[in-house]
Amino acid sequence: MSLFDPGLNLSAYYPGTLPPEWPGGYWIHWGVFVVIILAFVLLMAMGFIWLERREVGRFQARLGPNRVGPFGVLQPVADAIKILTKEDIIPAKGDKLVYWLAPVVAFVPVLMVFAVVPFQDGALLADLNIGILYVVAISSVSIVGVFMAGWSSNNKYSLLGAMRAVSQLVSYEIPLGLSILGVVVLAGSLSLNSIVEAQHIPFILLQPLGFLIYMAAAAAEINRTPFDLLEADSEIVAGFHTEYSGMKFALFYLVEYCEVLAVSVIVTTLFLAGWKGPLLPPLLWFLIKVFGVFTVIVWVRATVPRLRVDQVMAFAWKCLLPLALINLLITGIQVLVWPEVLPWAVVFLNLAIMVVLILLWSKFFKLGGGRVEV
Amino acid sequence: MKFERYGAGIAKGMLVTLKHLFRHPVTTQYPEERLTVSRRTRGNELIWDRERCTGCATCAKSCPQGAIRIVTSRGEENDYIVEEFRVDSGYCIFCGLCVESCPYEALFMGYGYERARYRRRELVLNKEELLVSEKKQPSGYARPKVEATLPPQTLLLDRNGVKK
Amino acid sequence: MVIKTEPFVVNIGPAHPSTHGVFRMRATLDGEVVLDIEPVFGYLHRGIEKLAEERTYTQIIPLTDRLDYLASMSNNLAYVLTVEKLAGIAVPERAEYLRVIMAELQRIASHLIGVGAFLNDCGAFMTPILYMIREREKILDLFEMVCGQRLTYNYMRIGGVSHDIPEEFLPALKKFVDRMPGFIDEYDQLLQENEILLARSKGVGILSREQAINISASGPVLRASGVKWDIRKVDPYSIYDRFGFEIPTGSAGDCYDRYRVRVEEMRQSVRILKQAVEKLPAGGVRSEVSHLVRPPAGEAYGHIEAPKGELGFYLVSDNSIAPYRFHVRAPSLLNLTALREMVVGWKVADVLAIFGSIDICMGEVDR
Amino acid sequence: MTVALSGGEIAARLEERFPGSVVESGQDSLLVKSESLRAVAGFLKTAPGLEFDYLTAITGVDYYDYFEVVYQLTSIRHNHSLVVKARCYGRENPALPSVVGLWKGADFQEREIYDLMGIRFEGHPNLKRVVLWDGFTGHPLRKDYL
């Protein structure tokens, strides 16, 4: 039997890699899901672009784009057409190969994240048993693309942005991972599908602090306000993609929104019980939650200013990291000693713990100042 | 700076933005929705009253930019005949000093605001182009009689408030 | 291994999202830290001082509109006050009140932009500035109603103002005055206590009291450093001695204080407006002054508290219809002197925040 | 109200301290010799009772025969003001001592006067053109520049 045999069912050989009830062979499944994921990601990214502009518009007491199509829904399409027809500029003294490769390197890993995301029960490309680990690992690869872009642009703003990006990613990866671990401990599995299944109570209630840490760290990972340092438009113009134009810029723009989508999806899966929900079909629940998470991200963006680079680092190391460690410790203890019969009591206990910890840390933690004697 | 307020400040700010989500947006959909400009608007372009003008050239003297050119000749009744009255709107800064200084109320600011041109030479207006037409209406700037006939200005103040 | 690093020079501007016009800072950076900064300007230089020498005193008023284009009324006021001082012209009572009303409305409008731009420079994505532009729009509507333009008003005249207000102006102004404090409260609620803003602006870009005086800073920059110096109080011009208002001052002289001083000044302006609307007398608005003013030979320095600081005009007259010398003491230019002292040692991000907190207008800096 | 100090009184004090430094004194102004400008300015800044700590504005005026530079001084502590003038002669290379060392606010203003009037301020740390570009010839605010 060849590996390319359409009838091959790999799950028989590698139990756990494929949802058991999924019909058809491995390769059909693979092909179908690649198309689904691509369509899903691109459509959702476009929807997000539109939604963000409309929402930010309303937050700012204006309308947002409403000219192209009904309610302006075709605005991203119009933007895409416009951007495709723009001249592709490569800086004369830039590193051309790296410059060319950077958008690709940034874009591919973001797409790959969606391979392990369950859209509804069992509907996912690969039910990896290390799903969440895979997500954390693969999503940080795209920063290489960002750094390549910043380096090869031969632009000081780009370089500053890229340097900020790398240091920020390295710092925030740790609290991010630790806050995910809390969920994993509760669910007892790394597979995203199993994590969703384990959520009889959404983990946001069991892990309120972990949720906050994850949101903060994820916002930093995907460069959203208040941590959007690497493309801080009021400081370093556009950061790493200052020099990019045309389709290459479009790819970076797409990466940005795909990353937001990825984070919304992961948050939905890890903390909001994924596709679970009463009455409505699971896929709809999934989408509603994803859009809800995205709206919150946009809401934050429309409100808060940006932290400074050293403050961002301090926030990661001095605030998020210890809190995440404590959270993990508490979760571990709870899982070990707490009786199974009283899950709702944990909710209130953990909320109380969160409040106490945040109050405590507000006393310890200091931001601001930061003048360097030169 | 400690986080003395435990993120309460951020939360308060987010409430403000949330409140705006349910407020009426202030955007005006321009080509479809038009606001009435002020009755005294100093818009495009100057309007000249051929009958009232005596050719005294006070307007040309008061123009800080030198955008008005008047050529007159001596008429039969010992008056001026205006041979050329030319305004270069490209130089005009719409300060309204010419209209204010006109002793015979023969010059008006325009009421319009949509008279963009593609060529610079079209900005130079001669006698015929300066007359009142359907497209060019006088504004009430320094002309109280005209002002009384114009509709009141739409104000943003009336369109939305704190409580909506 | 010894890693050798060297500072690199970044040109921030002239085309940069947050340089408030065409302004350039040649910044020497060590990583993110600013080692040195050199302001470069002059991109908007139109030679207004030279142009004015060839125009009559009345024709200069539209020129002053174009100095600080966010506060044209204040420029008008400062200029006509100086000419009146030079020529000894009296102004009708009603015109004085109208001038005060316009100047205070203009102060609010200018501070709205100043505060909004500062918050935007701190990274608040357009929201505060758009809210503030909405309020400024209402003020511009009022100005448009009175003088027919929204930016270059050309409203004040030597010996008064160009027009009396239309009858719908006062009701609209009252409505605005009633609502404005609510909006200011809302802006405060939006970001005043925001932890991120506090972290970004408290203790950042400190200008000590001595430094502020030494570099001839004025306006909110000076007052944020704890100097209670407001021309409206210390050298009252027009009829400012008839109104009760406070001079808000800061203590630390940091970005946050400058931001707070501006917000508090808006409140005080609303207070002045309330009093002015109540007291507004009837009567003429323009004394009989020839279109071609000929002040006696001599010189005069007149100054007002413009939104950005002390705006002064130095006029030398040779008894002709045009000034012999026309000099503008531009508050933005002098406040800009403080920039280098404030930013050295801070991060790139702070440069823009500090720069935004000075609130300059390039039209005035370059002239 | 900012009190405009009488030029005559201050001239008398200055004569005591720096004989021959004051050329002329008006109602609220002083005309000082350009050589002693620096010393007079230093005195005005620190002398008790005067303490002109705030330099409001500097202006240059071209009177064809000479350039007059006008210093508007204010004391924030005492709330009084004084106008100090200094003249420099010659159109080729007029020069005055710089007061940047005393009031840092003079920095850009002196540069601007240098740029537009062509008066050199000796002792200014960075006397470059400020609003015009470096290669510009002439000084536009001079009366003979057309």
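For clarity, chains are labelled A, B, C and D in written order, and residue numbers in each chain start from 1.
One rule holds for everything that comes next: contacts are C-beta pairs under 8 Å (C-beta built on N, C-alpha and C of every residue); 3 or more make two chains touch, one makes a residue touch a chain.
What you are looking at is a predicted structure, and each value in this text was computed from that prediction instead of being measured.
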item: B-C or C-D, whichever has more C-beta pairs in contact; value: B-C
item: Between chain D and chain C, distance of the C-alpha-averaged centres to the nearest whole Å; value: 25
item: Whole-Å separation of chain centres (CA-atom averages), chain B against chain D; value: 43
item: Distance from chain D to chain A - Cα centre to Cα centre, in angstrom; value: 62
item: Set of chain C residues in contact with two or more other chains; value: 127, 131, 134, 190-191, 194-199, 202-203
item: Numbers and ranges of chain A residues touching at least 2 other chains; value: 59-62, 302-304, 367-369
item: Touching two or more other chains - residue numbers and ranges from chain B; value: 1, 3, 5, 7, 10, 13, 16-17, 20, 26
item: Contact graph of the chains (line, ring, star, complete, other); value: other
item: Set of all touching chain pairs, with the criterion as stated earlier; value: A-B, A-C, B-C, C-D
item: Residues on chain D engaged by chain C in the complex (per definition of touch); value: 1-2, 53-57, 59, 61-62, 70, 72, 76, 79, 83, 103-109, 112, 116, 129-133, 140-141
item: Interfacial residue positions of chain B with respect to chain C in the complex; value: 1, 3, 5, 7-10, 12-13, 15-17, 20, 26, 37-43, 62-64, 93-97, 100-101, 109, 139, 141-142, 147, 152-153, 155-158, 161-162
item: Partner chain A, residues of chain B touching it in the complex; value: 1-7, 10, 13-14, 16-18, 20-21, 23, 25-27, 29
item: Touch list for chain C against partner chain B, complex; value: 55-56, 58-63, 65, 127, 131, 134, 137-138, 141-142, 144-149, 152, 154, 162-163, 166, 168, 172, 175-176, 179, 182-183, 186, 189-199, 202-203, 291
item: In the complex, chain A residues that touch chain C; value: 56, 59-62, 156-157, 160, 163-164, 225-226, 228-229, 232-237, 301-311, 367-374
